[in-house]
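First comes the structure, then the notes that go with it.
Here the chain labels run A, B, C and D in written order, and each chain numbers its own residues starting at 1.
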Amino acid sequence: MVLRAFFQVSLLLLAPPLLVGIVNRVKALFAGRRGPPLLQAYYDLAKLLRKGAVFSRTTTWVFRAGPAIGLAAVFLSGLLLPLGGERALVSFRGDFLLLAYLLALGRFFTALAALDTGSSFEGMGAAREVSFASIAEPALFLCFVVLARATGTLSLSGMLGAGLGAAWRESAPALLLAGIALFVVALAENARIPVDDPNTHLELTMIHEVMVLDHSGPDLALILYGASMKLFLFGAVVVRLALGGLPPASASLAGAAFLAGLGLFAAVVGVTESVMARLRLTRVPQMLVGASVLSTFALVLLLR
Amino acid sequence: MTAGLALSAVALATSSGLFGLLLRRRPALGQRLTCAAMCVAAVLGAGASARVLWGSGGFAIRLPWHEPLASLALRLDPLSALFLVPILAVPALGSIYGLSYWPQAELGWKAVRLQLFFGLVTGAMALVLLADNALLFLVGWEVMAVAGFALVRGDDERPEALRASWVYLAAAHVGAFALLALFSIVGGARGSFDFAEWKGLPAAGGASLYALALVGFGLKAGLVPLHFWLPGAHAAAPSHVSAVMSGVLLKTGIYGLLRTLGFFDAPPASWGLVLLALGAISGVLGVGVALAQHDLKRLLAYHSVENIGIIAMGAGIALVGRSRGDAALVALGLAGGLLHVVNHALFKSLLFLGAGSVQHAAGTRDLEHLGGLARAMPFTSFFFLVGAAAISGLPPLNGFASEWLIAVGSLTGLDLPRGDRVAYVALAAPVLAFIGGLAAACFAKVHGTAFLGNARSSKASRAHESPAPMIFPMAVLAAACLAIGLGPSLLLPALARVSSDWAGLPASQTLAASAVGSAGWVGGMAAALLLAAGLLALGRTRLLRGRATPPGETWGCGYSAPSARMEYTGSSFAQILVEGFRWVLLPRVELSHPRGLFPRSARFRTDVPDVVLDRAIEPAVQACETAARGLRGLAPGRIHFYAVLVLAALVALLCWRFLWW
Amino acid sequence: MTSWIDMTFVLVVVVNLFLLASSRLGAVIRAVALQGALLSALALLLASPAHAVGHVLLVAGGALVIKAFFIPWLMFRAIREAAIRREVEPIVGFVPSLLLGGAGIALAFAFSRGLPLPAPEMHTFLVPTALSTVWTGLLLVVSRKKAVTQALGFLVLENGVFIFGLLLTDFMPVMVEAGVLLDLLAAVFVMGIVIFHINREFASLDTDALASLKD
Amino acid sequence: MAVTLVILVPLALAAAALAWPDARSRPWLLLAGAGAHAAGMVALWLRPEPPLAEGYLFLDAAGKVVLSTTSALFLATAVYAQGYLRRRPEKDNRVFVSGLLGLLAAMTVVGLAQHLGILWVAIELTTLATAPLIYFNRNARSLEAAWKYLLVSSLGIALALLGTFFIALSGAGPGGPRSLLVGALVEAGPGLSKPWVRAAFVFLLVGYGTKMGLAPLHSWKPDAYGEAPGILGALLAGGVTNVAFLSLARVFQVTRAAGEAAFACDALIGLGLLSMALAAVFMAGQRDFKRMLAYSSVEHMGILAIGLGLGGGAVAGAFYHVLNNGLAKGVLFLTAGNIHRAYGSKRVDEVRGASRRLPLSGPLFFAGFLAVTGTPPFSPFWSEFVILNGALGKGRYAVGGLFILFLAVVFVGMGATVLKVVQGDDRGAPERPGFADSWLTAGPPLALLASVLALGLWLPAPLAALFRSAAALMGGS
């Protein structure tokens, strides 16, 4: 038990930056470059943590608290996730609601921190972030509702646990639709192409990155770390959903499959980013509403 | 004992304003005594409620009264006990706030009058809860409406307050007529107006009664599209009055609806689904319209519509549960709805008091003229932020706890077998998530534009922190928000008691044991979140200690002289989402694009009138007045016409009697 | 005897028609006075032997004094002071009012057939005459513009009611009838005063001037 | 003894007022008359008296309700008149004082009359006594109002007389009662000649309906109420209309006994609903607040008619409403009079901020509005509720629904006008110096409002029993 907790927490704490490394590496390969080392994200974090920081005179404690609260929220939501089909550390009826709302809390404070700077660019980014997120939220919920119905449980550990196999056998189409919707939501939530471009530095077009323009030093490290952890979380859900249909195997085998799947998820994200262009901002809500419609359809399939 | 506590609380609250009236020579003392009376009343009322919710049970009193009523029946059962706590506590905090916000020493008679009606409205709300007789209920209901009317007009010079208060009174009265019809029909059928005799009404054929209840109580609660009176009234009233009106007065509508629905035996599932749908519509549209507002208090008022919608969703789920005999649905839906009643009372009052503080300090509540208040008003800013996070349903605060209960309740519907359409109540969860997301966006806008960044007007830059009597109630409310967020499981037994009492289901069944455990986890996670965030914040502070943290300008992407005029405005912030709600908001957009190579000016501003009031009711009323005027114009003032009317009436009645009858 | 009674009734009806057709105020007042005198005669003619003589004389004499002399005198005074002679441009023209009056008489006869009477043989014409007189009075009130004519119309209306009251003389206590006459007197008296004031205030007796109060 | 007191003393005082030389002290006669009347009513409450004058005069339950209301209202207006007439020394009050006392006597006779002839005479006397009073202000507008009032009322009253004769004829057949005593007619019941009763009810409904002011017979009301002084408005709306209702109720009593109730009920409900509808239409956007009160009176007469027509419990509600409406109308008309005095205008466009200029009358006007529109805990709420209950309890949902609808519309229409008058800033509104609230002018409406509130909070059992026995006379319960 304790051991399992230890493994889970360490995985949650250590793996995320690697995922970012994979994504970047894949993108570099597609662009014909060699790209940064896989562990570059870790180096960046370490460097930032060692640095000082510059604070705008406009800012207040909200600006300083934002990154810490954001990271805490993402970390705690990580505790709710069953990694690789194992029971999560914290699991109860309706825990996925807490997960979604924790992510919302992080977003809320990130947006406030952005507004705290008084910069019009950051205000713009914050506006886009909260707007798109509020449209993505129901889509995410619908995916979870589909999962809940398919597996007959209301906790993440149940939804993404052993029951998933039976669910795939019974209602594969619904789960497939939900999975696609979930992937779309994951892209949006993690500020990935086609919703947002983490690499661009043209402020007018950005969403997430522009919100954190003024953060520096350890605060920026917390933000980047949190972002990678969020990517990890979504990856974990998508991968577990995809792998859930496989026949049960031993714990170690399942764990290995899960890790491999995570790597694959990062690679797919990288590929998507490389082959797609960023959508026009006005198209983003359409895409997210589309995800909602897909998952509603999936729910109808299950309830009819 | 319980009866003594409750009744003395009501009497004390009702008469509290008399201190200020009698001690007009010593206004400060008079107001303090008034305030003390309200606070003592709140404590007494809380004691009574606690005895009912956790202790021995309630009381019922019946005294003879005059003719049409026959009895003066009062009782305190778990449902009314639960409502009684916020209904006495919020006005008490409001009266503390009023010590600085509406001081009798400065305002004189105006303050005396406000305090009189403040006490009266509190007493009337309590009477509504305690009444065990339909007509007594109506008396409390109307006194509450009229006293509320007087309160909204606290500032009777401003035309908007006059208009808003009148719209409020008219709406309240029309709503009361619906209730009058409802009570008259039921009372006639039952042969008594005592609620005690109304138990077990057959639901068959009761759809029209349900419709009357929805109109009458929905109008008070502010369910879309009956919310039209609410934004104006809440915005125009003095802020501690807004806190009471928005925080607790609306809840009497919910209370009345629940009380009435409690009489029916096994209402059909469609009733619950209707309520759920109305709640969902109110929730989404309420927050959607709120997003487009830039008057801080109007915005908050629309959020009341949203939250009433959430509460109605909970009640709808509970109602569906009753029709199915599903104890878990009832317990979770009602517990969530009722917890949200309490929560909304807390955070909405907190927000209105914060808004009042802002108005007090900056002299305006137009978001486009605020900004940067956090530095001048650290306490207000912090407590407002707590309220904002709470109303957005974010953990670790109380809003999440209740929304979570409602969502879990709706998802319990997924356990129903395939093909049962009632299972679609599960869609309530995504709707709640959508509402929550929009609310978070809206409050990011509110807090961001009002308190953060730079001041957008000179008024805002001269703001100052409010005095302690205004801060203290906010602190209490914020602490309560956090406490409920951390320990929702402690309240669940009481909520379970209320719901079992309401639904007439045995208590052991009603709340699935797992819900209490899960609620414990919710509280635990909230505490863990606080801890983790605290540790991280501490860590980063440690890291930065001793390092260079030079202050600088905000990064303007190369532009070196940013000013407040370049800040993102509230209108712009909400623009993406407001676009999405355009079809229902029908906003008045003021937009001039920049033109030419060297554009001189550009402007973007949206104004959102209330769709129902300004686009439907107002024109309809105007049309009716015009029509009535036209009809009146047809009647000439000549005496011959008068005589002809008499003649015509005679001939018509003769024909009726002898030819047609 | 019966033929005299019938004759008188017919005369009353003829006076009604004349009232509707005439535009000269003096003639109208005289006609009303004549009608009053006819009514007084009717009171005597219809009296059955069973009646107390004093009672009958009181009613007849009262009607004669008030309806045939006092009120016409009052009205003459009013038109003299106001210096008016004619009813010009009535709301309903003279010919149409005559036709309406005729229709009213026909309807009254038709209508009264179905009403049971205590002593049918004496009263064949009474009910129709009364009703048509009431109708004439109403028509005058509704269709004439001069305040004097309206007051006269009201008087004719009261005459109709009075005729009807003659049916009841044998069992209605005298005080009611006295009250009726007294009321009528007082009403017309008050009307006369008001007409006097109207004339002074508006310098005319045209009620078109009295149309400022409306919504 | 007390019966003579309540009739003859006001009559004697009316005559005395005509002869009284001093204009300043003449209003005291009003107080004396009101006091004597009130004392007489108290005596009649304490010790009921047997029928008088061969049963022509007798105070039964229905009459008691109406006369008690009238007495209370007259007392309040008599006190008010002291302050009011003192402020208007330029007007000769001889006819005014005498007329009011005469009106009181006439109304009392109506309340006591058990004989339809006497009843009719007394009703006519109320008309004659009030017509000169409407002309109190001696200007063109009040003259026009007086003329219209006189003519239309007389028209109605003439038709009522015809109707009374019809009733007499209905009992003139062999074996009939040959009397106009209500008791005898009711006793004869089905023996009355049906066609005459039918015709009689129609004529009397139109006749007394005109006096009551039921739509469409109400046309004189706005003019008369609008131009008459507030005192007279109060007595017309709270007194004269009530006695007219009583007269109609007596006719209904006879009609019902003759087995003709079905049409009577339908006609009453029909005219009642029409009155409420018309009042609703004419109150919306009304620009003259005294005319608005007149329409409110039309509305409440409609309510009374509906209550009577519904039968059952609603009849008791109607009698309850007689009391409530009378008192509430007193509040409204007296305060409206004060506001009219203080501004010299009754146009809503001009009058504003009354609660500021008249800190008692303004709020009282508003409170009176709340009371009269049936806001609990004021007593009209209860009576309206009882009537509504009568409608819905009998399954007459259409009547109940319309009743509620009209009440709601009236509330909105009337409230908008009242608020325009009461609230806001009075600067810039027309001024008439020298008029402020005094206890003599604001005290009586305050007392009336207090009694309306008190009756709403606690209805003494004897009163409730009285309403029931009055209703029992009309076949209600």
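For this structure, a couple of remarks:
Here, a residue touches a chain if its C-beta (ideal position, glycine included) is under 8 Å from a C-beta of that chain, and two chains touch if they have at least 3 such contacts.
The model shown is predicted, which means the values in this text are computed figures rather than measured ones.
Counted as hops between touching chains, the shortest connection from chain A to chain D is 2.
Per-pair counts of C-beta contacts peak for the chains A-B. Summarising the inter-chain layout, the chain whose CA centre lies farthest from the centre of chain B is C. Once the centre of each chain is set as its mean CA position, chain A and chain C turn out to be 100 Å apart. Chain B and chain D have Cα centroids separated by 43 Å.
Centre to centre, using the average C-alpha position, chain A and chain B are separated by 35 Å. Once the centre of each chain is set as its mean CA position, chain C and chain D turn out to be 31 Å apart. Shared interface positions of chain C, defined as residues touching 2 or more other chains, are 138, 141, 150, 207, 210-213, 215.
Multi-chain contact residues of chain D (touching two or more other chains): 147-148, 151, 155, 199, 223, 282.
Along chain B, residues 629, 632, 635, 637, 639, 643 each make contact with two or more other chains. A list of each chain pair in contact follows: A-B, B-C, B-D, C-D. Contact residues of chain B toward chain A in the complex are 371-372, 374-375, 381, 385, 389, 392-395, 400, 403-404, 407-408, 411-412, 414-415, 418-419, 423-424, 426-427, 429-434, 436-438, 440-441, 443-445, 447-449, 452-454, 514-515, 517-518, 521-522, 524-525, 528-529, 532-533, 535-537, 539-540, 543-544, 547-557, 562, 564, 566-568, 572-577, 580. For chain C in complex with chain B, the residues that touch the partner chain are 91, 138, 141-143, 145, 150, 207-208, 210-215. Contact residues on chain B toward chain C in their complex (touch as defined above): 629, 632-633, 635-640, 643-644, 647. Chain contact summary for the complex, chain A toward chain B: residues 49, 51-60, 62, 64-65, 67-69, 71-73, 75-76, 79-80, 90, 92-95, 97-98, 100-102, 104-105, 107-108, 111-112, 114-124, 126-128, 130-142, 145, 148-149, 152, 154, 203, 213-214, 217-219, 222, 285, 292, 296, 299, 303-304. Partner chain D is touched in their complex by these residues of chain B: 65-69, 135, 138-139, 141-143, 146, 153, 156-157, 162, 166, 169-170, 173-174, 177-178, 180-181, 184-185, 187-188, 621, 624-625, 628-629, 631-632, 635, 637, 639, 641-643, 645-646, 648-650, 653-654, 656-658, 661.
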